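Multiple structures follow.
In what follows, chain A forms one complex with chain B and a second complex with chain C.
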Partner chain A sequence: MDKIKINDEFFDIMPPEYQELVEEATYGKEDRGWKDVGVAKELIEEHSLCAGCPESIAFRYVLACLPNPQDTVMVGSTGCTSLVFPHVAIHNIHSLFGNQNAVASGLKRTLALRFPDKVKDVVVLAGDGATVDIGLDMTLQSWFRQEKFTTICFDNELYANTGGQESGLMQKGFVGKMAPAGKKFDKVPLPEIARDSGCHYVAMMTVSKPNRVEKAIRNAILVAREIGPTYIQLYTPCILEIGKQMMEGLQEMRDSEGPGKRFEFKEYISDEAKVFLDEVDAERKAKKKALRAARA
Partner chain B sequence: MVKYRVEVGPEAYLPPSAACAGVVLPDPGQALIAGEVVHEDVGMEEAARRFLSAKIPTIFPGPLVLWNWNEKSVKKATAIKAMYDELKAHNPEALLIPMPDYRPKYPKINPEVEINPNHPNLTIWHNKIDVCMFVGVHCHQANLSLKIIRGGTNCYTIAMCAQAGHEDAMLTFRDATPDKIWMLVEAIKDVKKTL
Partner chain C sequence: MDTKSLVGTYNKKGQKIVEPEYMLFEAPRTQEFMTGSEVVKEGIRRASVDVSIAYPITPQSEAAALVGELYVEGYVGEYFRGENEFAVMSECAGASFGGARVFTTTSGPGTLRAYENFPMWAGSRLPILINVMVRGVNSPLSIQPDTLEMGMILETGMLIWHAETAQEFLDFLLAGFIVAEEPDVHIPIAVCIDGFFVSHTKDMVMLPPADITLTPYDPYRSPVPCMDMEVPPIRMMRDPFVMKSNYISYATHASWQQEVRAACERSRKHTIRLIGGLIEEERTDADILIVSSGTAVAQGREAVRLLADEGIRVGIVKIKTIRPFPHEELRQATKNAKLIFVPEFNVAGWMAREIKAILPDNERVIAGPHVCGGMTMPPEVIVKEIKKVLAGRKEAVHG
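This part shows the complex of A and B:
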């Protein structure tokens, strides 16, 4: 893959962060992943989220695990993620609240027409309010239509950015700062709805285990590229809204992912996607083996 | 009604867009000076004179020429660097300041190192730039920046536009190709001889 380049005449006048991005970021690296965070030049220069926010590390993992960052367009929605997108070194579109899957549908189709010989990935990244409440129509319709892109929901179980209103993904009985009566009905089972609506790869988890997040993100994007829609739901608790300290985000995620808990790991893979992912795995193993043999 | 002229500011906090004030874009082979249509050669000579008589002439290359994304961008970069070298040889104060992208990078932006199209006046003020040229800047950001510069600074703006030109610049060219940028380099060399 060709890496992004600065024209030679202007390399020395470019601000250092761009020079570093071109020389030290992981664009074009086939086996890029979460282990590059903190070692290679990261695709989030700095972020404007709260200290200790689990969403910020989730965002870093997502960016580090994109298989094709140079040719990926992310579609965001209103919320805390939209505060970070201006700092991200990946093409992105900020859509109207809830419209993200509709925008991504048009974008994916247009990219396929405009660049028929190139792999262009589209990834939606939105909060639970945008995915499940305001944008549920757009989310579901894109799955029904079998649009080939990945939807990632950062589930913090309420409208965190606006002060803690109730969302469809809020757990039953939870009392938010702006939901004083407490949630009256169960958390919307979106992973199951996604599976039944035609998503070929669905995963729900916290971001406490980066290896698992990496695998899910890669699987979801590769399956979306080749087969059809995919969905990932990541628990990214809002420490401010649930009354936690900044060092307690990780423990909160760990406490929520055990057997029978709200964020117990779930993964649904369609038969078609299973065959495809097995092929991808076999190919990757063969490559690794060949590499090892070449080194020896 | 008095005809609106696109002249050096500071004009106002929110100046009108030149298009709303009745300025129309030039046709191919033409340029605009202060909103008046002129032959492109006249524009070349005027741009060269402005650059050579400036205290701090500055070129602001935008993403379309900073990044190596196609063959044309590489050729344009070579021509722009040659133009800067000509200006620098004439006036050691000449500057080449990039506009790498349009993200609102607060508060870390350094006006000496880059120009942010959302606050171009900061770079103009800080570096005391009196004549500048935009080249390789996407139209929507160039329009915004040129208006802010006209509104809040006394900098003379030139736009080397690859599309239909920018009426919000005091001097604009259109259909900028590598050859057209080289034409301006030649015009600078010619005018230099007459000084």
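This part shows the complex of A and C:
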């Protein structure tokens, strides 16, 4: 892959962030993953979320695990995540609140039309209000239409950006702003709905285990590229609104992912996707083996 | 890609790519008798459109469906029915962000359901062409033409053109893409027609040949980056202005709003080149003028004939572009007028307000007559309004 270059004469007047992006970027690096978070800061460096907000680490994992960042475009929505996107060094679109899957549909189809011989991944990343409430019809319809992109929902179980209002993914009984007597209905079962609506890979988890997040992100993006829509729901608690300290986010996630808990790990893979993922795995293993043999 | 270099080459449908000037002024034309909806199909066939997304609503359904036929025939790269108008306009946005030439069409309640997208399109500098076939938007339900919805698009930052006839509609569609996509403009454009009167009636239209097409859109002439990861990205900012400081937020937002509006004004030179002036004048030396847009102008012309029979001389100014609004042109065209009548197909009289806002001695402007909810505008109603006002001001104005 061609690395991005700066004209020599302009190098020293370019902002340091840009020089760094050019010199250090992991674009094109095969097997990027969450372990690059500590060293490769080119995709996201700073963020403007609350200190300790689990969305910040979730964001880093997602960006570090994109298989093809040099040809990935992300679509966001209004919410806490829209404060992070301006820091993200891949093309990303913030248009309105809730229409992210519609924007991504148009975008993905255009990129497929314009670049028939190139892989262009589209990844949607939005809050639960955007995904499940105001944007639910567009989320579902993009799945019904078998749009080839990945939808990631940062589920913090409420509308954080506007100060903690009730969301469809909020747990039943939780007293939130605009749910003054406690939320009346169950958490919307979006992973099950996603499976029944045509998603070929669905996963729900917290972001407490980076290996697991990495695998899910890669699977979801590769399946979306080759087969059809995929969905990942990540618990990223809003520590501010549930009254936790900045160091308590990780524990909150761990406490919510045990057997029978709200965020017990779930994964659905369609038969078609299973065959494909097995092939990808076999290929990767063979490559590794060949590499090891060559070194020996 | 330099689209100029494509001129003279052929697309995959075998259409020869031509300069817009050739398409609009030089290509031989043949006469066809067709509806406004069919005009959409023939316009889009010759416009190198990449993506079109549709949702049905009367009276635009047929036009949106005909574009689907073009897709099957291979003239349009991508086409589908979205889930509702808000989603359709969002899908159009995504397609345009990705570097496509995008067309869609809507009407009345559909326009309003889609509305949140329009200022977002403009603010994002997406040169989407939307055809608005106007119809009533209020309750009780009406599917008849009413330009109230145009009045609601005025401040979105979009270009707004209003065609009077099927012929003008065709030419506006073709020119609209080119003007909207100029790098110094690069904002969305609404090409409006009066529903049914233009969409559903047959009219003589001079069509350029079907084997030529406009130069395709070049996303890399955009003044903002195309969202395709083909140009190097960067972490855009350390502090999203929306949260950081009221002053930065204000400064960013205000300058961007001004830039979008300035882009709209900058479209003038391209518009004049491709569709003539922003207005058309007939007998503007008369003391009495009818000033309006769309089919209200056609009805105004009938009224002028009826009044001439009675010895009352009336001139006409037709406004073709609502945004940018032809301030200076209108001031010039109306400088001799003692009375200016603004017939409108809506109850609000937004066009009269626009005119009043920019003319000196604006007590000359009579806001009316109005018809709403789909009545045709009988020329007799215009005649009656003019005579009523004249009777009250006999001394001042001599017809």
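By our rule, the second predicted complex is superposed on the first by the 293 of 296 C-alpha atoms of A that agree within 3 Å, B and C clash if a C-alpha of one lies under 4 Å from a C-alpha of the other, contacts with A are read in each partner's own complex, and residues count from 1 in each chain.
Going forward, a residue touches a chain if its C-beta (ideal position, glycine included) is under 8 Å from a C-beta of that chain, and two chains touch if they have at least 3 such contacts.
For clarity, every value in this text was computed on a predicted model and none was experimentally measured.
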### Message
Let me test your reading of the model: by the given contact rule, A:Ala181 touches which partner, first (chain B), second (chain C), both or neither?
### Response
neither
The chain contacting more residues of chain A, comparing chain B with chain C, is C
According to the stated criteria, A:Tyr18 is in contact with first (chain B), second (chain C), both, or neither; which is it? both
Problem - Touching partner for A:Ala294 - first (chain B), second (chain C), both, neither - result: neither
Please indicate which partner A:Val39 is in contact with in the superposed arrangement: first for chain B, second for chain C, both, or neither.
neither
Answer with first, second, both or neither: which of chain B and chain C does A:His91 touch in the superposed model?
second
* Touching A:Asn7, do we find chain B (first), chain C (second), both, or neither? -> first
Chain B and chain C footprints on chain A meet at residues 4, 15, 18, 46, 86-87
Within their complex, chain B touches chain A through residues 61, 65-68, 73-74, 77-78, 80-81, 96-98, 100, 103-105, 108, 110, 113-114
Note: in the complex, chain A contacts chain C through residues 4, 15, 17-18, 21-22, 42, 44-46, 48, 70-73, 75, 82-83, 86-93, 95-96, 99, 102-111, 113-115, 120, 137-138, 141, 145
In the complex, the residues of chain C that touch chain A are 50-51, 53, 77-78, 80, 82-84, 86-88, 90-100, 102, 116-117, 120, 124, 219, 225, 227-229, 232-240, 242-244
The answer for chain A against chain B in the complex is residues 4-10, 13-15, 18, 46, 86-87
